[in-house]
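We call the chains A, B, C, D, E and F, going by the order they appear; numbering starts again at 1 in every chain.
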Amino acid sequence: MVYITRRERFNAAHKLYIPEWSEEKNLEVFGKCSNPNWHGHNYDLFVTVKGDADPKTGLVMDLKALSRVIRERVTDKLDHKNMNLDVDFMKGRMPSAEVLAEAIWEQLEGPVREMGGQLHKVRLTETENNIVEYLGKEQP
Amino acid sequence: MVYITRRERFNAAHKLYIPEWSEEKNLEVFGKCSNPNWHGHNYDLFVTVKGDADPKTGLVMDLKALSRVIRERVTDKLDHKNMNLDVDFMKGRMPSAEVLAEAIWEQLEGPVREMGGQLHKVRLTETENNIVEYLGKEQP
Amino acid sequence: MVYITRRERFNAAHKLYIPEWSEEKNLEVFGKCSNPNWHGHNYDLFVTVKGDADPKTGLVMDLKALSRVIRERVTDKLDHKNMNLDVDFMKGRMPSAEVLAEAIWEQLEGPVREMGGQLHKVRLTETENNIVEYLGKEQP
Amino acid sequence: MVYITRRERFNAAHKLYIPEWSEEKNLEVFGKCSNPNWHGHNYDLFVTVKGDADPKTGLVMDLKALSRVIRERVTDKLDHKNMNLDVDFMKGRMPSAEVLAEAIWEQLEGPVREMGGQLHKVRLTETENNIVEYLGKEQP
Amino acid sequence: MVYITRRERFNAAHKLYIPEWSEEKNLEVFGKCSNPNWHGHNYDLFVTVKGDADPKTGLVMDLKALSRVIRERVTDKLDHKNMNLDVDFMKGRMPSAEVLAEAIWEQLEGPVREMGGQLHKVRLTETENNIVEYLGKEQP
Amino acid sequence: MVYITRRERFNAAHKLYIPEWSEEKNLEVFGKCSNPNWHGHNYDLFVTVKGDADPKTGLVMDLKALSRVIRERVTDKLDHKNMNLDVDFMKGRMPSAEVLAEAIWEQLEGPVREMGGQLHKVRLTETENNIVEYLGKEQP
């Protein structure tokens, strides 16, 4: 079993904000992240897949194909977008890094399985100080 | 003459967009950066000041004071904000990295001079691939 | 279950030195790290907490509060200090990265639990080449 | 139990290429990595060892000794070499990052055990976007 | 006048080797870089262009267009190639970082001028420890 | 004319402190850097030399030789040392990054000239936020 990780990047706007709360309550819970006019980040997305290296090719998976799937199903939809408004798989969900990591897992788990791999981890760095990781529902 | 550089960071939303142009024209000129619902970045700001090291203290300038001035006049105003809508010194200006670097220079040149230093360079990294530097109007 | 990680930084002096040993024996075991007049590092501390994302806010934990706890209980005590002499929770302990990671775990485990999270990992980078991780006593 | 990681680096040439296949088939499977005249990378190798910190010295293992073993058995053999042609422990093996990580594990597992530690992970970054990790045959 | 920098990356093989010299002489002058079977690197290329920000768009130059030119004329030709054998603009030239930076300058100076900018600097990082910069023949 | 830069690293302890001042005055001027029991940093030192690439070898200078000179005259003397107490070329000087950069310049200017190059810049990063550069007395 070997773990391979592909990094892709995207830049997006968001706010953490619950509409039925007052601006004060949002500020109290979400801090600067609740700024009504949005803010944004450069996200680094690390997708880890596990599998056995093919005895002939030495590869767990075609990394170009993995990169293509990540871009088609995730980063092309997020890059230079507003995550609260523009992204189909984030509709109705809070665009926190935590929820975003779970949503990205949902976008990738099936396609990775179809490609013969097993999704192991979604890692998202929002800033150099804030990192989120999700390993699926069946993680130990 | 020694050059000292202080890095500060901010995360902000923006779009590159000229209202009197059509969406198509904006897309043609600004690409993904014209997304109507905004996008955003983690910016790294490097402010370089030149001066002589004080013979007694060995310092060109109090770096904590420089950091404070950068935060008060620049990054506190930009961090977790929308640069098109929320920032006084960017009002009516296109929030491209180029214009932003010039505007940050204007914010800092006077205060740095008052502190006994000379502003030398404003460097802004918008992504790991895109960097802008401004050295003032009198640069060679 | 989602894992969130907060990075905080501190710069400190230390030496690895056993007083009842000769300087030669210390040099043999600890190498350059035994320099009697100290040396120092920029440490990057990564604190990982696991928990479920709140269905309403999308957050595992208030990262600002986590950052505050790390600073109050750990990095404010270590930053710009001598770890052999100045730090209460390191008194009588060897300031190796290994012991330091265990000591930081002890400082944070209780407070993180009170905040509703579960401390998962303390990661400490001493240089770009040397990294230590501690996951607590009950790790698998 | 504490995990310590040592980074070492090497720069090497390779190609991913199966001689009995046509150039077209190689290109289809391995993409640009099949370039007949080779290409190369700067590799970052992270070797993680687990063990208990010695109660007296506070160390899991002498990091200088670990570094020496990694250099003697791995990076001195790979650095500024062609991995398809020049490296004894890669003879007859595909120099993909996956196989390379497994081969490095085999080179280090015994020596690390003799030094009183337990090899936990071999991590290899081939580019800033491609990472491989191997944790041995008995990993969960 | 503002300076904008675009980073592009490529991975390539090379050797520093003068055929009419003995292997010993090559080893003496070029060290490990003379390995007959090649070695390779991940190169980071930073291309800096200077110009005035357009008063309307706030841009010195279309960065996507600059990126396209760099890829077409430089990095597509170098990426996953052998710089001694495969690259037209390096034919008959020693693929040291110094010569490579000069050759990249020659590839880009004209096209950048046609795009309305002025090439200011080519910066090439060969490893995290080795960097080369070239500013053209007329630099002060 | 090409600029080549070699990075070397060292880890050292220091304090910024003027003995004839009170502890309060030192704290006021130097902040946390005046901690009586020292603190320390990981320093990255970038030494830039300018010269013409040799038409035969393509090299400005033997980088291994440059690295050796930097280590012998600078980093071996600083690494794992106390800069206030242990370093001959810092005796009687304030170990601020500014003064340190000037002192490193003095250590290297002659030897680099003897090797046929011209020292252009000494750059020192003390933390990821604080950087100092010195270009000699005759800089424009």
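Worth pointing out:
Keep this in mind: a contact is a pair of C-beta atoms (placed from the backbone, for glycine too) under 8 Å apart; a residue touches a chain by one contact, two chains touch by 3 or more.
Here the structure is a predicted model, which is why all the values come from computation and not from measurement.
Shared contacts of subunit C and subunit D, meaning chains that touch the two of them, come down to A. Among the remaining chains, those touching subunit B and also subunit D are A, E. Both subunit B and subunit E derive from one sequence, and where they touch, under half of the residue numbers involved are common to the two copies.
In this entry, A-C is the pair from D-E, C-F or A-C that repeats the interface of C-D, since more than half of their contact pairs coincide by residue number. Averaged C-alpha coordinates give centres for subunit D and subunit F that are 34 Å from one another. Annotation: 28 Å between the Cα-based centres of subunit B and subunit F. Taking the mean of the C-alpha atoms as each chain's centre, subunit A and subunit F sit 42 Å apart. Shown for subunit E are the residues in touch with two or more other chains, namely 128, 140. Here, these are the chain pairs in contact: A-B, A-C, A-D, B-E, B-F, C-D, C-F, D-E, E-F.
Subunit E meets subunit B in the complex at residues 1-8, 46, 48, 53, 56-60, 62-64, 67, 140.
Within the complex formed with subunit C, the subunit F residues making contact are 9, 11-14, 32-33, 35, 37-42, 79-82, 85-86, 127-128.
For subunit D in complex with subunit A, the touching residues are 16, 18, 29-31, 93-99, 101-102, 128-135, 139-140.
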